[in-house]
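Below you'll find the structure I mean.
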Amino acid sequence: METHNAKRVEIVIEAPLERRLTDALEEAGVTGFTILPVQGGSGRSGRWSREGQIGRSGMVSVVCLIRPDRLDSLLDAAFTVVERHIGVVSVTDAQVLRAERF
Amino acid sequence: MGEILTLAGENLLSPIILCFALGLAAALARSDLSVPEAVAKGMSIYLLFAIGFKGGAAVAANGIDAGLLMAIAAGVVLSFALPFVAFGLLRSMTGLSRIDAAAVAAHYGSISIVTFVAATSVLEGRGIAAEGYMVAVAAVMEAPAILSALFLVAKGGSSRQQDGLMQEILLNGSIVLLVGSFLIGAVTGADGLAKIESFIVSPFQGVLCLFLLDMGLVAGRGLRESKAGLSRMTVVFGLTMPLIGAALGALAGLVIGLSTGGLALLMVLSASASYIAVPAAMRVALPEANPSIYLTLSLGITFPFNLTLGIPIYVAAASALTGGGL
Amino acid sequence: MGEILTLAGENLLSPIILCFALGLAAALARSDLSVPEAVAKGMSIYLLFAIGFKGGAAVAANGIDAGLLMAIAAGVVLSFALPFVAFGLLRSMTGLSRIDAAAVAAHYGSISIVTFVAATSVLEGRGIAAEGYMVAVAAVMEAPAILSALFLVAKGGSSRQQDGLMQEILLNGSIVLLVGSFLIGAVTGADGLAKIESFIVSPFQGVLCLFLLDMGLVAGRGLRESKAGLSRMTVVFGLTMPLIGAALGALAGLVIGLSTGGLALLMVLSASASYIAVPAAMRVALPEANPSIYLTLSLGITFPFNLTLGIPIYVAAASALTGGGL
Amino acid sequence: MGEILTLAGENLLSPIILCFALGLAAALARSDLSVPEAVAKGMSIYLLFAIGFKGGAAVAANGIDAGLLMAIAAGVVLSFALPFVAFGLLRSMTGLSRIDAAAVAAHYGSISIVTFVAATSVLEGRGIAAEGYMVAVAAVMEAPAILSALFLVAKGGSSRQQDGLMQEILLNGSIVLLVGSFLIGAVTGADGLAKIESFIVSPFQGVLCLFLLDMGLVAGRGLRESKAGLSRMTVVFGLTMPLIGAALGALAGLVIGLSTGGLALLMVLSASASYIAVPAAMRVALPEANPSIYLTLSLGITFPFNLTLGIPIYVAAASALTGGGL
Amino acid sequence: METHNAKRVEIVIEAPLERRLTDALEEAGVTGFTILPVQGGSGRSGRWSREGQIGRSGMVSVVCLIRPDRLDSLLDAAFTVVERHIGVVSVTDAQVLRAERF
Amino acid sequence: METHNAKRVEIVIEAPLERRLTDALEEAGVTGFTILPVQGGSGRSGRWSREGQIGRSGMVSVVCLIRPDRLDSLLDAAFTVVERHIGVVSVTDAQVLRAERF
């Protein structure tokens, strides 16, 4: 089956910033993304868990498949939001089916 | 004094306080007891809806008077003013940075709706009536404190772009739900209340118990996992600021002539610190501020203090100030 | 006419409608108020269980008569037939493609259980009794419309493999729960009802309020985010099809001799459009159909219309048609 | 015998059993009906809290007597002892490996709180009182059986590092909640109960219905998806072990002189098998044991057996043994 | 620690099709997969979120670790389900411990 | 935008072992991880789903971004916990922003 090169970008960011991040991505011309819930984690600021929390707390994971040549503009857009906040950005090489969608 | 002790003792042995203590103890002992996030959110929706609706229905029953507007004005002023007091104290008493101090201050200007609800229960238990519109006062006190905190930081030099922040704060889910259900209660009045009474009145105390169990779990986990290590003076702040807030609330309440119950509730609102709306706003607006400081202070120190000792003190004080015996 | 207006006015100011309006307004204003998915699903399970059980207990109380079978037959026929009417209208009035029109038509042949529940509340509020078995009619009307839609598409040439689809539709969770709890209610009767009355009867209206708050939030978010941009004629369809459905439902109901309340409910079922079972079936069976068209129409246009104006109209009409005054 | 049949018949047609059957049937028929995980957990928190609190309040009402301590001791002894009986049976009757047999045995020494709750309902329905402290007995019976299982495996040669396992088991959420709410009920007594009665008493049966619906769904899915393929003798074990457990429980209960209701409940506890606390402990402590064997046996065979036939048998036997007629 | 080459396939697909997809995977001889919930996302058909939804709505993410030589049969099987529906398929190179499991 | 090499380790493990795994990771000096909920899955021990479950059942997915040179100590730590239990460990090459965090 024919596949096409792509980048898989995963941004773990604080939930209250979700809308700002996705707005920035859309402005940067990103055509699609998928948001996964995050249950807990640990980092320099300690451990946390979503259990029993109320309010828009915790983090979410935003996954973006994108054409390699558009990676830089995506990262720039993401960075404006992530920069001053808690968040982790990683990029992996991937192959996608149906390249026309990206 | 004796009265306060009696009241505090009764309060400490009420199911809701014991449920909070159970949650706290379970979390500190590293039990895996936990309430699912969705259930905790569901209960908070229930509580906000019930308290708003009942407040609105009470206003519908008693009619709107000038008191409502004055109380709302008092609430807004208190919410704007308290952060300045808190900020001053924090900067002089503790070693917190300007930004951390401002973030903490925002929490103490805003309110904790669960503390408010617990106080309502205590008042009901003692047969002390309160103005129904105090719920509306609670709602308007949520947000202004955030602006004061931003102002305090801006004064310190770091200006920040905050597009859409104000809108986000005002349209915060808990504010919208509280105000909305207050209005629905006010519009549908006694008829509306009769229809849903066995949902929002009868099981209310029980839901509050489970909700406080969850609050205890979350507070205990916060205390255990926090890397903040609050300084001793910061803890002292968390225990004295509520009393100062309550005193200022009492002053405002006496000026506008609230009843005993209303006065107690305004003191509770002023004394309590937010741990839902304000933390989320701080993550967006002041991300450099350390969340474990303000969360631990607000939820781990001030909330339990108010719940156990604070409320009895405020109720006793309100009774004394308005000449009503306990 | 005056009666309809009074009824509509009363209806518009009931807590459940106001809760829907609150959710709609909050979502359109971009508030972050939201009900967790698990809580929304939990409430829908509660409502289906309660309504099914109460219907079954009512049938146990009144005994089974020929009416039950006739009403079920009428429901099946209506659910099969209504999509053809809807499809014809859509193809002549709007520019929708054959597949989109068929998908929309399936929704209007099927039913909205929440609209049904809201209508039940209105009837109860007015003291109008209805046949307990109308719940069973609601259950049998969920699925047949889907077959009609597939038939309409197949006629258009594109045949499709649908292994297991029929089974999936009939074993849809909401159908199974509604039918199952209806049977449990019918078997355990008044005794069973007495045991769980304070769970499924007393708090029912209150849960319905919160559920409609959520429906409002979801509908509002749908209207806001939808890229569909419904054409004007499509919106007109969403407002007239319920009236046509109700008229056909009235006809069927008069033929089989339903009571005032039963007639009103059959009209409501015919007028309402599905937004749970059918959308999921369409994603599997007619994936080329654009979901934002049928979801926006069903949940954003027809549901609020029925909830606010439709139900009072149908109740008034049913009263007039059966000679009962309001 | 006739009495048992009547009781069993009544029991089989109660809403809670029918709800379990509905869930089971839906899952076996591959319906997509499901209860969200968060809602299921929320209901289990509600049930544990309510049952614990009511037990504690009953103890507060009747005062603590020597019976409480004796019953707790009996529970601990039974929980330690039953796994040895189960293990012996399993090793002689079935082909299960030492580790699988030990893991299964742990489940049968521990208890199923839902079976306990269902039995309480049956007793209430028949007006048979039981000692309030039986809830505490249930709590202390959860864990000891796990130790016996580990001992049985260690005897077999494979020693294992289990740092922190004991603490994890004792601080298991369901034990903490059950014991905690029991203590809260005991401390706040009748006053506390009055405050939250309309939350934990009135809707209890209804919540239990939905919870059993979910248990049926989970059990059915387990039976359907299980790759275990229990041998016939293993199934026979799942049907006879409850009776043996109940007999041993009856012996212990008669020795310490429980009332009819208390005796029935001790039999139920001894007869029932865990499917919450123990499976999780087994995943940590005996990961080589095959979970689909113990889950299928406990939830798919023994739980439905106890729910439908077991409870009526135990209640009838307890009545006969204590000389109380049915 | 010794690791072995594998492919990590991630299929984001509409929730009502979950069972069809996993049935197809199992038929194609896939020995294991893990299903992650998806909270929301955006694509050509607009933004969506699971919040407050009832019914089997939204999407799920099915993650499959597989031996490289079995990738094509997996993609073929997935494609029969994804083809006409909304869904995104991506493949990444990965290393796994305990290769005997895949 | 400048990125840095990293490894993305994904460990799918039974929920009752979550704490043991994260304790082991922290002991091995892992500075951060993110825990994603898992909804269901399939493997040699059959299909399972979290729906309607009570108790700490099911699995979780622990995602760890780490400097390549620290991979081995992480895998060793993870392996002590995963070894005797049900669990799947996979590693992917990734790029991260803000390398100083890892």
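Each chain gets a letter, A, B, C, D, E and F, in the order it is written, and its residues are counted from 1.
In the analysis below, a residue touches a chain if its C-beta (ideal position, glycine included) is under 8 Å from a C-beta of that chain, and two chains touch if they have at least 3 such contacts.
Please read all numbers here as calculations on a predicted model, not as lab measurements.
Participant: Using the touch definition from the top, list the chains contacting both chain B and chain D.
Facilitator: C
Participant: Would you mind working out whether chain B and chain C touch using mostly the same residue numbers, over half shared, or mostly different ones?
Facilitator: Both copies touch with mostly different residues.
Participant: Taking each chain's centre as the mean position of its Cα atoms, how many Å separate chain C from chain D?
Facilitator: Chain C and chain D have C-alpha centres separated by 41 Å.
Participant: Between chain A and chain D, what is the gap in Å from one C-alpha centre to the other?
Facilitator: 45
Participant: If a residue has to touch 2 or more other chains to count, which residues of chain E qualify?
Facilitator: Expected reply: 36-37, 47, 49, 56, 92-93.
Participant: Can you list the residues of chain B that touch 2 or more other chains?
Facilitator: Residue numbers touching two or more other chains: 32, 34-39, 41-42, 173-174, 198, 202-203.
Participant: Which pairs of chains touch each other?
Facilitator: Every touching chain pair, ordered by label, is A-B, A-E, A-F, B-C, B-D, C-D, C-E, D-F, E-F.
Participant: Applying the document's contact rule, which stretches of chain E touch chain A when the two form their complex?
Facilitator: Residues 10, 12, 36-44, 47, 49, 59, 61, 72, 75-76, 79, 82, 88-93.
Participant: Which residues of chain F touch chain D once you look at their complex with the stated criterion?
Facilitator: Residues of chain F touching chain D: 14, 16-17, 20, 45-58, 84-86.
Participant: Once bound in the complex, which stretches of chain C touch chain D?
Facilitator: 36-39, 41-42, 45-46, 49, 53, 167-168, 171-174, 176-177, 180-181, 183-184, 187-188, 192, 195-196, 198-200, 202-203
Participant: Provide the residue numbers of chain C that touch chain B in the complex, in ascending order.
Facilitator: Going through chain C, the ones touching chain B are 13-15, 18-19, 22, 25-26, 29-39, 42, 198, 202-207, 209-210, 213.
Participant: What residues of chain C sit close enough to touch chain E in their complex?
Facilitator: Chain C residues touching chain E: 34-37, 40-41, 44, 173-174, 214, 217-218, 221, 225-227, 275-277, 279-281, 283-284, 287-288, 290-292.
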